[in-house]
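Chains: A, B, C, D, E and F, in written order; residue numbering restarts at 1 for each.
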Amino acid sequence: MQTHQAKRVEIIIEQPMRGRLEEALAASGVTGYTVLPVLGGSGRSGQWSREGQVSPAGGMVAVICILRTERLEGLLEAALAVLGRHIGVVCVTDCAVLRAERF
Amino acid sequence: MQTHQAKRVEIIIEQPMRGRLEEALAASGVTGYTVLPVLGGSGRSGQWSREGQVSPAGGMVAVICILRTERLEGLLEAALAVLGRHIGVVCVTDCAVLRAERF
Amino acid sequence: MQTHQAKRVEIIIEQPMRGRLEEALAASGVTGYTVLPVLGGSGRSGQWSREGQVSPAGGMVAVICILRTERLEGLLEAALAVLGRHIGVVCVTDCAVLRAERF
Amino acid sequence: MDGMLELAGQNLISPIILSFALGLAAAWARSDLTIPEAVAKAMSIYLLFAIGFKGGVAVSAHGIDTRLALALLAGVVLSALLPLVAFALLRAMSRLSVLDAAATAAHYGSISIVTFVAATSVLTSVGIAAEGYMVAVAAAMEAPAILSALWLAARHGGAAGMVPGLWREILFNGSIVLLVGAFLIGWATGEPGLAEIDSFISAPFKGVLCLFLLDMGLVAGRGLRQSGGVLGTGLFVFGVLMPLVGGAAGLAAGFALGLSEGGVALLATLAASASYIAVPAAMRVALPEANPSVYLTLSLGVTFPFNLTLGIPLYIALAGAIAGG
Amino acid sequence: MDGMLELAGQNLISPIILSFALGLAAAWARSDLTIPEAVAKAMSIYLLFAIGFKGGVAVSAHGIDTRLALALLAGVVLSALLPLVAFALLRAMSRLSVLDAAATAAHYGSISIVTFVAATSVLTSVGIAAEGYMVAVAAAMEAPAILSALWLAARHGGAAGMVPGLWREILFNGSIVLLVGAFLIGWATGEPGLAEIDSFISAPFKGVLCLFLLDMGLVAGRGLRQSGGVLGTGLFVFGVLMPLVGGAAGLAAGFALGLSEGGVALLATLAASASYIAVPAAMRVALPEANPSVYLTLSLGVTFPFNLTLGIPLYIALAGAIAGG
Amino acid sequence: MDGMLELAGQNLISPIILSFALGLAAAWARSDLTIPEAVAKAMSIYLLFAIGFKGGVAVSAHGIDTRLALALLAGVVLSALLPLVAFALLRAMSRLSVLDAAATAAHYGSISIVTFVAATSVLTSVGIAAEGYMVAVAAAMEAPAILSALWLAARHGGAAGMVPGLWREILFNGSIVLLVGAFLIGWATGEPGLAEIDSFISAPFKGVLCLFLLDMGLVAGRGLRQSGGVLGTGLFVFGVLMPLVGGAAGLAAGFALGLSEGGVALLATLAASASYIAVPAAMRVALPEANPSVYLTLSLGVTFPFNLTLGIPLYIALAGAIAGG
């Protein structure tokens, strides 16, 4: 099966910053991304869980973006500009994709 | 710790196609997969969000399948047969697994 | 952009075991992890779906932990001690992270 | 017509319509107000169960008259034929591709249950009764339009034939099963059954409908904003014209069948309404290349608000004129 | 027995049972009808809160009689001993492994709160009162069975001992805490408290129960379909026999304690019912090798429907025969 | 003061307070009892819609008096100034950094709508009327405090200025839009509108409030457990002192404006309450380095329970003393 090398970027970011990240991704020219819900987690700023929560504060989402290697740098810059002083994680993995014309 | 090389396949597919994909995966002989919910995303067909939605149309799920390298080809063929003309993303990563006897 | 090599560990574990895994992770010294909800899946113990379920039994979650390579061994031992005779999957991927000081 | 204007005016300042307008306005102002997906589904399950159950109880009270079978048949025929009209109009009035036009046409043959619920609620508040089995007619009208649209697509060389498994999915889709199931339960248990759960399915009904319409306003408003460019004038006009065409066909059929004034109004509403739950899902499976933002924006963003605000009072007024006492 | 048949007949065409049947039928037809997990949990929280609160109010109204402590004790003993009977029957009637039999036995010693709720609702509709503290007995019966089952498993060499932290998890599991907490709140606030929230916890109660049973029918039906092969005839018979055994034990205990007719019926129902929420979760932690599809299919797919349709009217009729006026 | 003690005592054994206590106790016992996020959001949407709607209906019934504009203005001023007081107190009483103090101060200038709802519910049960437009005042008080806090942070060199887009987010945040929208709908549709949906927004109101407070108890209790160490004595005292300061300011403002007894009590409650939904989200965007466990624990874990149990009866008693008949 014909596959193509690409990058998979996973950004775990606070929910109140989600809109800003999505705008930045679009501006950086990525062709697509997917947002996954997050139930809870733990980090240097403590443990948290979405259970019973009403406020978007104290929640995170995971944004997954699969893209051509040459676009990676632009995306990382855009993501970092949004993350700034905010908590969150950015993790990049090598991957292979089917239907490369879609990226 | 004893680990074994394997492949991690992530398929982002429209919710109305989920059942068909699951059947195809089972038929292709994979021993297991896990389905994650998706909140929203963006692609060439526009931006979307599940918030407030009732119809399964316009929603996606992420299917994660970890499998032995020798089974990869079969899975990709099965996935591609289902995806066909549909929107969706297939991404393959190298990984290492514990308890390899389970795959 | 400055990135650093790290490991991404994904543990798919039964919901009733989630608390024990979180405690073990904390004890093993990981600095953070994120828990994703799971909709359903399939494995040697059959197919399942969270739809309409009330009991935590018969549900799983995916725990994602990004960490420095030198901490991997400790985490895998902790995870395996919790998984024990339980069903579940552990999968490790190489990755690169931004803001490495956070890990 | 005076009655109609009054009804329309009254309708426009009901909490139901204003809740929908609030949702539209919040989406337009890019507010982060949202209703969780699980809650939207819960409300839709509640509404389907309640409306189905009450229909069944009405049938158990008044008996089925001989027109039930004819009404079902009329519904199936309307659902199967209206897509042909819609397709022809779309091809004439817009530059939609064959696939987009066929997929959109399927929505207009099928029905929107919340439009039906809103019409029922207006009828109740003005004291016009309708046949309880109209909910069964609603269920019968969900699917035939899909078949017509697939036939249209295939005939114009647009797509491969039927996808395996799709028929079961369409016939047993959640809303049909729940609506028909609740109808049968209501029929079987009758007034005593209703007495047991009346304070659940009747008292909060309108309030839940308000919040559901708030949600629909939010979803429709976001859809309109995100795919604003997709609808040209032609499509926009179609979104208002087609419900009038469908409504007229429904009125005629209801009158020919000799349905009550309320029944005629409901059949017109069903024929005028456009699906936005079941048919979009079926189209994603069967005609994946058709652009969902076309049919969703048109159905949910144009036709639904039109029916909710002006269409329903109009169909009721016309039903009164032709079938009323 | 005549009364029982009539009650059973009436029961079978109540909206509650028919909603469960609709869920089963929809699952069987492979409909995509589903209730979101969050909504199922919300309904279960509502039912636990309402039933606990009403029990507490009843206790505050009638006072606790001296039998409360005895009834709690009887519940604990039944919960602890019934797993031994169940285990012996399972080993005799089926080829389940020690672990599977022990895990399944735990379910039958423990209780199903929705079965209890359904019995309460039938009692209310036929006008038979019961002790308010029966909800406390229900809570007390959740956990002891788990201990017995772990002891059985250990004794037969099946598993390591107690998992650390499991006791706290079992004793403070969400349903026990909510049921007991609402009971205490109802007790503390009494009739005035009930007056404040009665239109929330009483009026919609039966309707919510219908939708919850629809959901249980869907889940049970899907479970039966997906693991159909798992149950042989022996297990199937056990799933109908064991509730009769438990029910008889409950009847005897209730009669010996001098509970009211309604109280006897409820104790029989509790003893006859099988857990499907708390115990499965505990078994996944403590006996992970036991096959969940065995105990879930048996408890939710066989015993629950049996109790709902035939068991409850039978226990009520027998309670009337032995304890009734 | 007698009346206050009685009111406080009565208040403490109401189902509402006890539900909150149950949540706290369950969290403290590390029970796994949880309310799904979607359900918590649904209840909050319901409460906002109902309280807004009822306020609007009250305004439509009694007309707006000339004090509406003044009350709105007073609310805005209180919201803008109270953060300055809170900031000064925090810097004096604790070792919070400038950023943490500013972020926390924002919460105390803004309001908690569920505290407002609880106060309304106590007022209703003791039969004291209040101006319907107080819900509009509540909405007006959400945002100004945020601006003051950002100004404080910038002035003390703590942070960069305003984040682009934040203003729109704050002004059109979901709770403001829903509260104001429902208020306007209630105003527009008046008593006839209320009659249509009264059995949805009034009858179950208190019961939903109980379950919502159960959820808040769970969340607050978990927050207190997980970040117990974060609050020293100074902060703890602040969490009880600041609502008294805010309450006094609200009482004075309400009295000066000539509001009714109930109106004064509600303005005091608003000024005394601390946000835990909208402001935390804004602070995560604008002051990300501020530690959320400080302000959330303080607002939800200390001030909210204080207001719920002792604060509200106190404000009502004082309002009665200064503005009562």
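List of remarks:
Keep this in mind: a residue touches a chain if its C-beta (ideal position, glycine included) is under 8 Å from a C-beta of that chain, and two chains touch if they have at least 3 such contacts.
All values derive from a computational prediction rather than experimental measurement.
Listed by label, the chains that touch chain A and also chain B are C.
Averaging Cα atoms per chain gives one point for each, and the point farthest from that of chain F is the centre of B. Of all chains, the one whose Cα centroid sits at the greatest distance from that of chain D is C. A straight line joining the Cα centres of chain D and chain E is 41 Å long. Chain B and chain F, compared by their mean Cα positions, are separated by 45 Å. Centroids built from CA atoms put chain C at 18 Å from chain B. Contacts with at least two other chains are made by residues 36-37, 47, 56, 93-94 of chain B. For chain F, the set of residues touching two or more other chains reads 32, 34-39, 41-42, 203-204.
This structure has the following touching chain pairs: A-B, A-C, A-F, B-C, B-D, C-E, D-E, D-F, E-F.
Taken together, the chain D residues at the contact with chain E in this complex read 36-39, 41-42, 45-46, 49, 53, 168-169, 172-174, 177-178, 181-182, 184-185, 188-189, 193, 196-197, 199-201, 203-204. Partner chain B is touched in their complex by these residues of chain C: 10, 12, 36-44, 47, 60, 62, 73, 76-77, 79-80, 83, 89-94.
Of all residues in chain E, those touching chain C in their complex are 34-37, 40-41, 44, 165, 215-216, 218-219, 222, 226-227, 276-278, 280-285, 288-289, 291-293, 296. On the side of chain A, the complex with chain F involves touching residues 14-17, 19-20, 45-47, 49-58, 84-87. Interface of chain E with chain D (complex): residues 13-15, 18-19, 22, 25-26, 29-39, 42, 125, 203-208, 210-211, 214.
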